[in-house]
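Following this line, the structures themselves.
Each of the next two complexes has chain A plus one other chain: chain B in the first, chain C in the second.
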Partner chain A sequence: MEAPRKQAQAALAFRKRLKPDNAILATVRKIADSAKSYKPQTQSLADLNLPNACKEVVDLSCASVMAEIEKTIINIARSILGGNGFGYSVPSRSSANQLYVQELDRIVLKDKASFRPFANMASVRKTTITTRILQLVHQLCKKQIHVTKRDLFYTDVKLFQEQGQSDSVLDDVSCMLGCTRSSLNVVASEKGVVVGRLVFVEDGDRIDCTKMGVGGKAIPPNIDKVKDMESDALFILLVEKDAAFMRLAEDRFYNRFPCVIITAKGQPDVATRLFLKKMKTDLKLPVLGLVDSDPYGLKILSVYMSGSKNMSYDSSNLTTPDIKWLGVRPSDLNKYKIPEQCRLPMTDQDIKTGKDLLEEDFIKKDPNWHKELEVMVKTKEKAEIQALSSFGFQYLSEVYLPMKLQERDWI
Partner chain B sequence: MEAPRKQAQAALAFRKRLKPDNAILATVRKIADSAKSYKPQTQSLADLNLPNACKEVVDLSCASVMAEIEKTIINIARSILGGNGFGYSVPSRSSANQLYVQELDRIVLKDKASFRPFANMASVRKTTITTRILQLVHQLCKKQIHVTKRDLFYTDVKLFQEQGQSDSVLDDVSCMLGCTRSSLNVVASEKGVVVGRLVFVEDGDRIDCTKMGVGGKAIPPNIDKVKDMESDALFILLVEKDAAFMRLAEDRFYNRFPCVIITAKGQPDVATRLFLKKMKTDLKLPVLGLVDSDPYGLKILSVYMSGSKNMSYDSSNLTTPDIKWLGVRPSDLNKYKIPEQCRLPMTDQDIKTGKDLLEEDFIKKDPNWHKELEVMVKTKEKAEIQALSSFGFQYLSEVYLPMKLQERDWI
Partner chain C sequence: MASEKERATPSRKSKASKSKDSILKQKSPAEFFSENKNIAGFDNPGKSLYTTVRELVENALDSAESIAKLPVIEVTIEEISKSKFNSMIGLLDRERLDEELYGDYETEKAREKRLAKEAREQEKQAKAAAAGKKVKDSNAVKLGKGRGEALFYKVTCKDNGRGMPNDDIPNMLGRVLSGTKYGLKQTRGKFGLGAKMALIWSKMSTGLPIDIWSATRGQSFISYCRLDINIHKNVPNVHIHEKRSNEEGWHGAEIQVTIEGNWTTYRSKIINYMRQMAVITPYAQFLFRFVAATPDKNISIRFARRTNVMPPAPAETKYHPSAVDLLLIKRLIAETLKQNLLQFLQHEFTSISKFYAERLIGEMGPEFTPKMPVKSLTAQQLVRIHQLFRQAKFGEPTGECLSPAGEYNLRLGIMKELHPDMVATYQGSVQVFEGHPFLVEAGLSLGGRDVKPGLNIFRFANRIPLLFEQGGDVVTRTATKRINWNSYKINQVQDKIGVFVSIVSTKIPFKGTGKEYIGDDIKEIASAVKSAIQQCCIQLKSKIVRQQQAHDRQQRKRNLSKYIPDVSRAIYGVLMEMADGQKSKKVKYDDDADDLLKKVALHQITESTFIQKLGQHVEQVDAEMALEYATQSGMVDTAREPIYLRTLESDYKFALELHNPVCVMKLFSDF
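For the complex of A and B:
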């Protein structure tokens, strides 16, 4: 029983070092205040004078999307009448056409496009699918309803044959029209939840996230139904996992330290990323990330911050730069004396992923992040957020997070 | 363009047959009224006089769980002092000890138990783990907090070694104490959502599910925080998939036909099953199931109704018998003229699963269900709920479901 006693002592040592909540709050308020003056997107692609011309998409209203579609079709009619045939100019979404822009801290699309002619055996199907998708999206925007990619596929299975084909053309159409996929009223299924000091209006209903019990509010699949965000929070706590979210929600952590707590329950989905981005932009709050101490946790942070390669054309709408890495950081394992048996050895795959990450732009640009990742790859140890439970079930909400806030221990 | 025209005609034909909403509502009200008089669990295990003695668990308060644990430990102290050693009598959860009880329409556990002695090389670890879990659960109940199985595992990784071991002993402890797993304050992560004509109190917060936008309310992981359910709904619509849920939520289907809409987004999780059960018991509403027309959809209905073999000891708390199979039923494919290309051929595995289901008790007991499943296995065709989108994105909410209600077309 030596080990448990040592563990209890370590937990107690940190608990004793905690200042009164008021003192911690004063510390947190400073970072919240500095975030208020933070101006999102001071630079746009146009300002940068990049060697490559780049393409980005914007949020468009239903009326504008319809207008863009009508313009596209009229251009095609003109082209046919002018003897130049029926076809679309489609921006390339291949990785050769992608670019990480350090100034913007996200991945964008270069301006390479290819022509997709109807009168060509190789592209006649894709051209037809493109036309059908344009028609369906026009219909969605006219009716002002939202559907999933799966619904879209099922409206014309004979033509699309498999969902991959309609999905891929849908992304093409986003790029062609220069608008986000959510502007097309095609949404992914939701899985994120939010709780804490946030009030917003969703499709006319006023949602108070301090009154959402312990389960929280499901983040809606369509961000354009969300408006009028208000909050007296000092920060946003972005949590990788469901279990940590539950712990904080049940302990009503946001009442002790005013914050909004959000999770996508693992890999970030588009709806959660849009919701986080909107909170950051509208409320101007600092975002603190709480993820597992493993390469996967870092990858999750990077998707929130820099976007995924798959949807790089939409990066300005989906990404929330300037997320602080609160924990669990590789250096925390020793600092917080996480017991040996709660640390897990990294697999070969983990180590390879970690080493690959060391070369990624979003890690390289921040020496502190780079240093932490080096610790991980060197010690070959990882740990989940749940590892903190070894000090007691409520250690996360009662000691670890308050201590992190008190020490401003994020990078 | 022959096929799309035919499709449009078929859709129109059904739309024309729809009566005014008032007439449909009058039809639905009848089934709602008859459900009001439905008495849940008129029979308990004790009434049945079964050849085997059977074991079931009940919901216990934190105080009662603590009392049960203390009783267990005192008995062990007595046993040691009496010279009979240290050990637990643990009910067997193997499938040989499981029984489907037709009268109750669920799986229960027979009363076989085995002794788990400390002074035995084969069981010393498990006995120690059992003791530790009893201690941790006692602590959770004393603090009145909830944790996940993962949290529990991380409190003593050295002892538990892997999560499978603490999980399995946790189920043992449920059976030993005769209480549900949720009574132990160990919960699964939530993934279900609910929307519609339901008001309830969650951890002191009043939740009005008609004011939850299009995303709905996340179902809380701990059902004991949910109380005071009220509703003016006529039925509960249990939906397999997220996409269909989203369609119905965005169209505010529950305003046209008063209902509560609930989904677990696929395979039912414990929290959603408990929530459905509680709605059914407290509100006495009929439950209509909307699942894909494939063996997997039926399996999902069966888990809601009869429970999973894995947690059969807890079947009375987790199961909602008497769910009506609204759709999409194999016979619907022809009846609603689902286009050929939206039907999918069943794989060999699908067909095997379908044939196995024909032998399952919950199918055999209802000739109508059996007949439908035979149609599926014979035609070797399956279809998702989304297949209805081939008639238009809102066909599900505007035509298919109203028609189903009008015709009382469920079995």
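For the complex of A and C:
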């Protein structure tokens, strides 16, 4: 009984070490200023002269997408009429075809492509679905409307059978046409939320994210309609989970320390990544990541930073390099005296994922990150953000985060 | 027959205890089994009927095989109504006077309930009939079967076997444990009770004697004998024993026994038993008949002979030193004709050579000499020999004494009874468990008539089917748990898989009182079963793969064509939009496209143009791939399978002989 209580007291002792908010703000302002000088990544793939050719996509206007589709359709129509059947040459999105580029700090797609002929048992389905999706996207672009992936699936359930099939072909199509998925006018349903010192215009409406209650503003699936971002925040707080986001929003953390809080509720979707990227480029704010202390927390950070393998063809538009890992870091568990009962033993699967991550380029490039991950794999302990609630529900917003900011404790 | 008394442990036990307490009654072997009839498979009337049939059938098969005659066996079960039964035993049918005395008396309340239910039922049926559905007449069935009444059956089994010598008949059937199966030999019988247990059961349930007709080969008469058994004294009680004329020169035995049974509940078991027996014994011909009280329920099934190849009769063998116990050593010494210890060891056991016997005797101690008379060994000396047998190392017994069904017969049996799409068989090598050699054969079938999807397991021990307690059996466990069917392209849930495993041994290590399954705890047997099944799987896998390829080839065109309309509509859809755009001069296209779009606008190219062109393309690709496939696999669509020709049953006249390099064909002249 004694030991845990002592531990709790020690943890609460941190509260006493907190300086007044003004002092903390001063430290934060310093780093915010240094971020102002941040120059968005100007280097592009073409500048690098990589040994292997890479495939990248760009944002295209509706008209250009239509033109691309029409070109493709005319070609296959001619091929069919010539009696040669048809097929598509689709860039491979398998992990063998991915490449991490150190200079860009993100994953890109190599140029390997596979030909999917219609008259082949293995590829006839995908080829048919691709043709149908091309037709549907053509219609969308012509009418200049947006639909969700779910809508798209329901336009021909009989052919698509399950949404996974139409979704994956949709990615193939954007790869094939060389445009981003948003250019196809197909969006994912909204998942991410944002709250805090941010004002922007969405499709003509002015949105003030400080007046969004505790739920926050849903991140619009269509980034094209977001304009004129303004903010007096000092940093962007990227939160892995809904629960922590709720806590911070309800405690109006952004009013105590001016910031923008954003979450994608787990694995980030395209819209959230685009929104974060846009904030970073437009507002030039430092991004601090608050994720669970487990391999998946790191994975999520990696997706924001270097992109996912599935969407690596579009990594240039989706990634936000230079995110600082604020917490909860494996070393924090002892530093902040997280009680034993709040730490969980890692499962075999966790440990395996952790060990695999140690081999990933994006971890290796930063010795500090590598060290932290090594600590995790060695202690075989993980903890969620919620573990901090063991000292009281508001410990996160009232002690842990201010302490972190005061100490500039991020890597 | 000293040995028998020794083996009949129950009687020995009771004798021993008698000296202590004279109130205890002596129990004859027959009494012991009548009181413990469940261990011999006579748990309840239904099972008793089943066991009676199987004991008679197995005896008949043994009898025919012992004289190397292809078995022809007829089994008849005749249902006997209560009144017929009463007249058989000379009891008059009595009308019930006091209805309420009987267990099935219907009280007024129950009657109302039943009538109401029947009315509802009728209403339902009328409705269903009005809707044009077929109605099962369930009421008739219910009324036909008397409530709570014992059911009686007359079981007859006739074979073409060795027959029994006239004078031995009473003792062979009317005395428990007076069987002929006591050597060490692969035998069908499990207890050596056979027909005798059926006789005890008939005595217990109906009190009717059994009838036996029998003739040995070349015998000019048929012995007819009617007898029952005196259970207390364990002696036959002969009613009639006479010789009758044998004009047809018949030989074999026919046994008829009237017992209580239950056909309804054990019908499927009995028919399954006959069917599986036909699988493992394709060289026999079975005729099974059920004669019901009402002729519409009669059943007659004929399991035809498919081959003349009969496995050799199992040879009698000597015991392996590691398989004997003290009692058995004593018995062997009592029976042996050899004089001294050396000869006894050398000749009464397998795997002991003269040299080895000398070494063993040297090891036994100074009081043992090779020349000492074997019958003079003391009890202590026997224990010493027994201990040495346990500890010493011996060569393994050979499997020459075993008589497996053979891959040929197993395959034929499976094909004739199941008509599967594919079948594979495998015979393992002889292995040893506790001094007894055993051999595992396996068959695997896919598809077939009356086969349920999933695993259908058929177990055989010493060439008789095992039907009960399947769950714990080594074959079931192996097939369900230790075989990765997927890796052989077999779907354990959807495919109709028949797993046939036949184990033969001089001693099958049965588990449980009913001797209905072989335990899963014997490593040697479990691994032999697994490897036999796997060998079959490997054989089938290549066939399955080839068949799937052939199947894919047939399906390819259909599967590809299925998508043509979707694709054509989508392409044409986009082209139409483009043509519309062009018409309104919104968009400009290059010349080639322009040309194409004009044709679309003029309806020279339509959706059906694409359908037609794609159809042609698919056809062309299909033909190319078919050609490629054919050159690869040598023009054979399915795997090559050996065929088995059945020999002709009787003489035919042949006319022409057609010669070719492979075979000669003879044409029948009288067709």
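Criterion: the second predicted complex is superposed on the first by the 356 of 411 C-alpha atoms of A that agree within 3 Å, B and C clash if a C-alpha of one lies under 4 Å from a C-alpha of the other, contacts with A are read in each partner's own complex, and residues count from 1 in each chain.
The definition used in the following text is that a contact is a pair of C-beta atoms (placed from the backbone, for glycine too) under 8 Å apart; a residue touches a chain by one contact, two chains touch by 3 or more.
No experiment lies behind these values; they were computed from the predicted model shown.
Undergrad: Is A:K142 contacted by the first partner chain B, the second partner chain C, both or neither?
TA: In the superposition, A:K142 touches chain C alone.
Undergrad: For A:I73, is the partner it touches chain B (first), chain C (second), both, or none of the two (neither)?
TA: After superposing on A, A:I73 lies in contact with chain C but is clear of chain B.
Undergrad: Quick one: classify A:A13 as touching chain B (first), chain C (second), both or neither.
TA: Touch partners of A:A13: none, neither chain B nor chain C.
Undergrad: Using the touch definition from the top, say if A:L134 reaches chain B (first), chain C (second), both or neither.
TA: It touches chain C, and chain B stays clear.
Undergrad: Does the superposition put A:A26 against chain B (first), chain C (second), both, or neither?
TA: neither
Undergrad: Look at A:V58 in the shared chain and tell me whether it touches chain B only, chain C only, both, or neither; answer first, second, both or neither.
TA: Neither: A:V58 stays clear of chain B and chain C.
Undergrad: Which partner does A:R125 reach: the first (chain B), the second (chain C), both, or neither?
TA: Only chain C; A:R125 stays clear of chain B.
Undergrad: Have a look and say if chain B or chain C is in touch with more residues of chain A.
TA: Here the partner covering more residues of chain A is B.
Undergrad: In the superposed arrangement, which partner chain does A:D203 touch: chain B (first), chain C (second), both, or neither?
TA: A:D203 contacts chain B only, not chain C.
Undergrad: Answer with first, second, both or neither: which of chain B and chain C does A:G83 touch in the superposed model?
TA: In the superposition, A:G83 touches chain C alone.
Undergrad: Taking the two structures together, which residues of chain A meet both chain B and chain C?
TA: Dual-contact residues (chain A): 139.
Undergrad: Can you check the complex and tell me which residues of chain C touch chain A?
TA: 552, 556, 559-560, 563, 566-567, 570-571, 573-575, 577-578, 589, 592-593, 596, 605, 609-610, 613-614, 616-618, 620-622
Undergrad: Enumerate the contact residues on chain B facing chain A in the complex.
TA: 3, 139-140, 143, 145-148, 150-158, 187, 189-191, 193, 202-207, 211-222, 225-226, 242-243, 246-247, 250-251, 265, 339, 341-342, 384, 386-390, 392-394
Undergrad: Any idea which chain A residues touch chain C in the complex?
TA: Result: residues 69-70, 73-74, 76-78, 80-81, 83-85, 118-121, 124-125, 127-128, 131-132, 134-135, 138-139, 142, 159 of chain A touch chain C.
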